[in-house]
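First chain A sits with chain B, and in the next complex the same chain sits with chain C.
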Partner chain A sequence: MSDLHTELKESIIEQLNLEDMQPADIENNEALFGDGLGLDSIDALELIVLLEKDYGIKLTDPNQGKQIFNSINTMADFIEKHRTK
Partner chain B sequence: MSKDQHIDFIKIQNNSITAAEGLLFQTEKQIDPFKFLGDAYKFFGITYPKFFKMDGLSKAGLIAAELLSEKVSIEKNTGLIFSNSSSSLDTDLRFQDSMKSFASPSVFVYTLPNIVLGEISIRHQIQSENAFFISEKFDPALILDYAEIQLKNSACENVLCGWLNLHNNEYDVFLWHVAGLEDLQSQRGQLLKIYATTHE
Partner chain C sequence: MYINGMSNISAQPDDFLTSAEIIDIQGNILSAVVRPYRELIKPMLLRRMSKAVKMGIYTAVKSLSRSGLECPDAILVGTGQGCMQDTEKFMQQIEESKEQLLTPTSFIQSTHNTVSGQIALFLKCNGYNMTYTQNSVSFESCLLDAQMQLELDEDIQNVLIGAVDETSEKFTGFQKLDGQIKAETILNKELFPSSSPGSIISESAAFFSISREKTPRSLANCVGSKIINEIQSSEIEEKVVEFLSEFDLKPEQMDAVVLGNNGDHRFDDYYQILQQGIFNNILQLNYKSLTGENNSISAIGCALAVSVLQHQKIPKKFRANSKSASKFRRILIYNQYLGRNHGFILLERP
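Then we have the complex of A and B:
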């Protein structure tokens, strides 16, 4: 697991107040929404904020979100390609 | 009706949670309200996936309603009538603070005092009337008068009433149940006394 994957998991746990959850509890390919981690629409907005705040990525197309936020792996891939900080 | 008519209530104040029968939970020293409410949530074994994402007002209201629901029936036709003096100011200030960098969507959704009523309604599958009044101090007549109107109009069958205040790291929660019109009339004149007795 890369540093970015671990960093993302730690940020998500902190940002979304996922109490009692550890980075190791989140699988890289696990669905973040729906049956996986069970995140909701407000969490999605927090993830958009997280991308901009921590990695300088501003999403311009809301339709991208579904693909980007599918899992830790898809988020990490997108960040590695588009990060500005 | 007797002056000593039993009233089921839950009070949360000064690191303790009490009910009509006595102390239910207490921490040894004054701690942050969020830590206290989190500890209480775990102590009572409550399970609600959104709990740690909620604001303090919703956490306090949810815990109090949960404990009260163990003694009285809170169901589809239960009305919710709450009041406080600080509205959602505690969360409003947190949101204002977040705007210095990136405004937080998850804080923003709690910048209304009546969100707690929605959280309690979701938890207990309530589909009845609700209202949240802002008043300078705990005014049981205001709440009971409105509850009486709702009961007489058959808008609900019973009512969960509450004073739910959280601001400046101080919380003052007093929830009680009104079983019906007869129960409501018997409570008039008693609530301030109970509230004052439990707020020493």
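Then we have the complex of A and C:
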């Protein structure tokens, strides 16, 4: 697991107040929304802010969100390609 | 209207209304004891809730279940300050991000009516939902509205009513600036003899399940309540007599009075005048040395009175004088804060 994957999991746990969860509890391929981690639309907004604040990525097309936030792996791939900080 | 179930959270343990044990607390800002919220609330919901919301939902659900009810017809919540923790978090984010990149959760949860809304969502209650933010008479405002709803709307049979306030690190600290919190650190048992301004500020929640009709589970009958925003201390006895006369009662017909002394030497004279005057021969109870002061604390005073009517006994720690009563049938609760917003509640044994 890369540093980015771990960092991302730690940020998500902190930002979304996932109390009692550890980074190891989130699988890299696990779905973040729906039946996986069970995040909802408010969490999606929190993740959009997280991308911009921590990695300088501003999402211009809201439809991208569904693919980007599918799992930790898809988020990490997207961040590696588009990060500005 | 009849109180059929209640639950409260304060700086004291769960059973403090009936227990003889005295928990001494040092500090001028008291946190409420954390309850096992996970027993009732799913972790995915709990993670977004501030302390006020957790305390509100927990006590609301407990009070309803103790009355044998799942969902009320109306929800009324009083809060003097609202969700302070999320408001503070949200405002800190505004400052830190220079008004950019604000996350939604704190903002959504920062409104004053978050608690009543979250209780309604939790209970799936689509009925009348109202929040009163009226300083120290927020709870009494809810009682008055409950009375009116029961009188005006025959479809409303059961009302959930309560009050909740939380502290937050910075905002509560501001109360020091205008002398609401004592400058010197004080042990709670030293509060009443204190001769300095201010009190100890705290968090609390108390909810009551109320019905129009008496039930086998009824603990107390709320005969009436009244709010008077401005009273001079010289008028307080007259106002109490006026309130009681609305029910053809006299001060000497009270079996006990629950008074809101908070150790602020500037304003405790309202209580002291009553203690040395019309209630001199009546059993007097105090509770704020145990719970601290906040805008919802009169709901805890009300819970104490309900507990006395239910159990017919009073732990020594609440007694402010040596008077006694053979039976507890009728109790007056009186509270004010900073000499303003005076609330009167009259309870009777059902």
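Assume the second predicted complex is superposed on the first by the 85 of 85 C-alpha atoms of A that agree within 3 Å, B and C clash if a C-alpha of one lies under 4 Å from a C-alpha of the other, contacts with A are read in each partner's own complex, and residues count from 1 in each chain.
The rule is simple: contacts are C-beta pairs under 8 Å (C-beta built on N, C-alpha and C of every residue); 3 or more make two chains touch, one makes a residue touch a chain.
This one's a predicted model, so the numbers in the text were calculated from it and none came from an experiment.
In the superposition on chain A, A:42 contacts both chain B and chain C. Contacts of A:52 after superposition on the shared chain: both chain B and chain C are touched.
By the touch criterion defined above, A:16 reaches both chain B and chain C. Taken together, the two complexes place residues 16-19, 38, 42, 45-46, 49, 52-53 of chain A in contact with chain B and also with chain C. Those residues of chain A that touch chain C in the complex are listed here as 15-20, 38, 42, 45-46, 49, 52-53. For chain A in complex with chain B, the touching residues are 16-19, 38, 42-43, 45-46, 49, 52-53. By the touch criterion stated above, chain B contacts chain A in their complex at residues 38, 49, 51-53, 101-106, 109. On chain C, the positions that touch chain A within their shared complex are 43-44, 46-48, 97, 101-105, 108.
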